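In the two complexes that follow, subunit A is the common piece, with subunit B as its partner first and subunit C second.
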Partner chain A sequence: MTMAINDTSSVLQAREAHNAKLASAHDKTRVIWFPVTLLAVLLILPALQFAGNYNYLLHLVLFTACYVTMASGWNVLGGFTGYISLGHNVFFAIGGYFAGMIFARYGVSTIILAPLAGLLCAAAGFLLGQIMLKTRGPSFIISSLALVMIARILLDHWQFVGGANGVALPANDLPVQWAKLPYYYAFVLLAAFTVWACYKIKHSKFGLGLRAISKDEIKAESAGINTRLYKQLAFAISAAFVGMAGAIWGEYLTYIRPNIFTIILVSVYMVLMCILGGKGTIAGPVIGAILILAFNEFFVATLGASEINILATGLIMALVLMFFPLGIVGTLAKAGRLPRVLNWD
Partner chain B sequence: MADIIQTVILGLALGGVFALMGSGLSLIFGVMRIVNLAHPALIVAGAYIAYWGFRLAGIDPLIMLPVAAFVLAVVGIVIYKLMFERDANSAKYTQMTVLLTFALAMIVEGALGTAFTNTQRVTSPSYATDAFFIGDVFIPKGQLYAGLVSLAIIGGLSLFLKYSRFGYAIRATTQNREAAELLGVNVNFVAMASFAIGIGLAGAAGALVSFVFSFFPAKHWEWIAILMSLVVLGGMGSILGTVLAAFMLSVVAAFVGDIFGATWSTMTFFLALFLVLLIRPQGLFGEKPELA
Partner chain C sequence: MLEVKGLCKYFGGIRAVDDCSFTVGKGTITALIGPNGAGKTTAFNCISRTARPTSGEVWLDGERIDHLRPHKITQKGLSRTFQISRNLADMTVLENIIAQSKVHGWRDMLKPAMSADEIDKAMDLLDFLGITRIAYEDGANLSYGQKKLMDLAALLMSDPKIILLDEPAGGVNPSLLEKIVADIRKLNERGMTVLIVEHNMDLIMRLSHRIVVMAQGKVIAEGEPSEIRENPAVLDAYLGGVLEEAA
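Let's look at the complex of A and B:
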């Protein structure tokens, strides 16, 4: 009898060791030095301000870092777990309004408030997930769209937060040369933290469970994964990252307004960046964010019309979905031609 | 009492228009399992056709309706050929097409915005601002005509689906794609034709919408969730369900608007969408939770 118990426990041990190996299985060819170098370069970049006025460059990096954070956050739910949400800008709004209102009333910097905003969004995501994750596939996408519409109406008519006009926030009193610096560092570090956290999540047992859910939810359930809880946690985590980005974004723009946070283009960008770069990969959202924003900046600078911008965004999205549904990283990896610098998994 | 009747009538008149807007969406989902998020954007495109017909040549939007329907049906064939024919057999098809039609909606919006700017437009034939009076109750002529025309079109569509040979083929494909194919139905052609009919219905709805609502290219975002709520409540793919849902929700929305103010009436649709997806994802007439 004892023998039998020993046997099962050794089997269980072997099983757990195997699971742990599966979860933490890294790609042998991945590179760490590239993202680390990139981060180091970005951290010393503001030194350029001693040489001249590079505020525009800093703005671009900061803006990209903001979207890297949001797209990577979205990726936890949309990429790892396979639940496409078009409503994640709601958490951008919750984070922005929460931190922005406290900043407006008590003057506490949103950079300090960002983790709190993240926690709040995680709680909101967990609760909304409890309701929305009962649906799956297309109905989940549709319900996420409905969520944006509801949030938009509520924010437009909630007088406490200024309704459709929003609330103006005080600008900081640093000299113009250094005014962007706090937000710059906040966003770059937040983006780096998010990418690192996504990497850790993907290669944990939890992340393995999420990836199993995206492959086949019923099998994942029958393999003993608490799919309900896993999905809700994924929703909460991805909402938290988006919320943290939203918190700082409001102060950076010096006003919070429904028009900034709840327009559908914000969530479309998150989705598009992940799909273009490669859903479910670590480097994908980063590459996607850089490409989409560079393209966007180019279009606005040369053509200037937001209408053509919408047209072009739609065209890119359609073409990527039709011809490269795996995205840049995914397609290259499948063909075995992924440059090592882009392999962060 | 007159107040209540008035609100019901306004709700029903609006419901007629929404019914036509939603029925094309429902048809397309039924046959092809495509959730066409670009449907409202194409309705806006139809509205522009009616608008320019009226503005440039003084043609009544109700006469422009067949033109808009035909043009949009042709557009539908082109879209089907370019975007959907090749993907019909890929895995996770339905989920992928939601994003693809979302991209299409942006393309249509961007194209319309580039061509016609973001100015609010509305066609104004004489009846659009007129009304019948029965005692204290008034019935706006524009909405009444739009509602009646859309019911006539939906009636014609139902007869076509029920009694024509091609209608049989469409219904067979809706019920079971593989079995229909085994019985000799050219499923790909049926899919293309129903897509064209569905988009044509969007064009027709656009002509009606052009004098019921004011519109501009980005207007379709407001309609997506409204139309989705109708189609989901009715049961995806059931046209009868969509029509009933349109009338039910429009009347409820009219009451909500009457009691809480106009801004909250659209909230009815969004909340209904949420609740139906949670409580009864198959809707009123759906057979099983297809979407889940």
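Let's look at the complex of A and C:
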């Protein structure tokens, strides 16, 4: 009899400890110094140019920052709201073409035009969302693929923007050592802004509503959330970030052409980065972008620029996802093992 | 307070709800009962607009609401629970509840997801239902009964005028059932209007002021519990008279 009483008390104790752990996990304060330091290091990194030619390193950081922006932007719709879009490179194209054409004709730098391109993409996303978000699950993915195909055909045949040949943009006249710098800073700051904005979105009423939609749309609607408006806004916001990245990317490449912007690989990259890092987390797309681009670069260097490097990156992804089904950040957070420096949520 | 007039919902040739009319008085507990397939849940879905009614009108406090979208109806003060508890996995109980709090316009959308006031209010609700200890648990890890209680707490977060409970006692053990009965009664004493769908006759007879009986999509009887108990049409519906008629 006493045995039984002891048993329940130990169960209750375990329960209490469990609850205390859950509550403490809930109010964990964020480690702000880590992302801030990371940003500071990236901001002073170009000083290396005084010591030698580190253009390749700057290119890699810039390229990664571009994808951090796009993957984080995609995450607002795909991660928070649960609508997997394979059509986000369309907004990359809209941003790139809009800013690129104005740059080519009037010489206004795309870095200044980027916010405008973002607004244009937000409007486009809002309107496209009105149509596309009526579908759900696999149908939504297919409708987003249809969007890519339509955009590809349009851009290939629209002679005003150069058709399939595209348009060459003037390169800036900075010495080669510093030529990447404006784009470098633009992308690093854009990425930092995007990550910060995603954090703000996730922790707002809007973000809570989006997360509710991703779990159960009918429940969310009956809970008093205007699901249609929320989804369209999420689509618009995520399109805006991708569009801003696209705007600057065009000038950086000094070329806009349909097969830079509308190849499916761009949107697949966004999706893979979020899935690898952890959909719906803040740090996930950042980690995912860094890892995928690092693997890619490593395998291109060691295996050569053939299909084999893509195969190797794919194998690594498959292996990682076997052990981290919710993505690296997501799985670690669920197990309570996420290092505090990576808990940006 | 809530008035349903000539509500119809057809699925192809099946008349799930067929010209159903009843009213729910302010401050009362009204029960909607009937054999399985009588159209109770469908009627509920049409009232809360989770399903679109084929025809008919729903009035809440003198305002017609059957053309509004579900979130608008919730904002007007009519909240519902679901028969099979729908909860948001990967979100804590606290987040599940606060997700249901009212959001007005753009400025509210940008506010922090959970303000201190809202957390206090949600905690008070959990305290009222006696489940404060699961506040930080993941919504998916709850037991069936806890989910039902959480649904109730979430419902109250939006300060509704009338609540629609779809089988709040379905699959719940007897002692928890007593608790849910007591909670609903306490809410009603505070002035909450309740419309409830339930199969547990004991609960219905003890709790409700009025009973509406449905069978085959139609309202076949309406009245106080004592009247309903003796109504031959009701006994007939429950004991298979309707089925014989159909055959």
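The rule is simple: the second predicted complex is superposed on the first by the 298 of 345 C-alpha atoms of A that agree within 3 Å, B and C clash if a C-alpha of one lies under 4 Å from a C-alpha of the other, contacts with A are read in each partner's own complex, and residues count from 1 in each chain.
Convention: a residue touches a chain if its C-beta (ideal position, glycine included) is under 8 Å from a C-beta of that chain, and two chains touch if they have at least 3 such contacts.
Since this is a predicted model, take the numbers as computed values, not measurements.
Contacts of A:215 after superposition on the shared chain: subunit C is touched, whereas subunit B is not.
Of the two partner chains placed by the overlay, only subunit B lies in contact with A:157; subunit C stays clear of it. Residue contacts after overlaying the shared chain place A:22 against subunit C, while subunit B stays out of touching range. Counting residues of subunit A touched by each partner, subunit B versus subunit C, the larger count belongs to B. In the superposed model, A:264 makes contact with subunit B only, not with subunit C. In the superposition on chain A, no contact is made by A:339 with either subunit B or subunit C. Touch criterion met: A:225 reaches subunit C, while subunit B stays clear of it. In the superposition on chain A, contact of A:170 is made with neither subunit B nor subunit C. By the touch criterion defined above, A:207 lies against subunit C but remains apart from subunit B after alignment on the C-alpha atoms of chain A.
Note for the complex: subunit C touches subunit A at residues 48, 50, 69-71, 74-75, 79-80, 82, 86-92, 94-95, 98-100, 102-103, 108-114, 133-137, 154, 158. Within the complex, the subunit B residues that touch subunit A are 35, 37, 83, 86-87, 92, 94-96, 98-100, 102-111, 113-114, 117-118, 217, 221-222, 224-225, 228-229, 232, 263-264, 266-267, 270-271, 273-274, 277-278, 281, 291-292. Those residues of subunit A that touch subunit C in the complex are listed here as 15, 19, 22-23, 25-26, 202-209, 211-212, 215-216, 218-228. Contact residues of subunit A toward subunit B in the complex are 84, 86, 131, 134-139, 141-143, 145-147, 149-150, 153, 156-157, 264, 268, 271, 275, 305, 307-315, 317-318, 321-322, 325.
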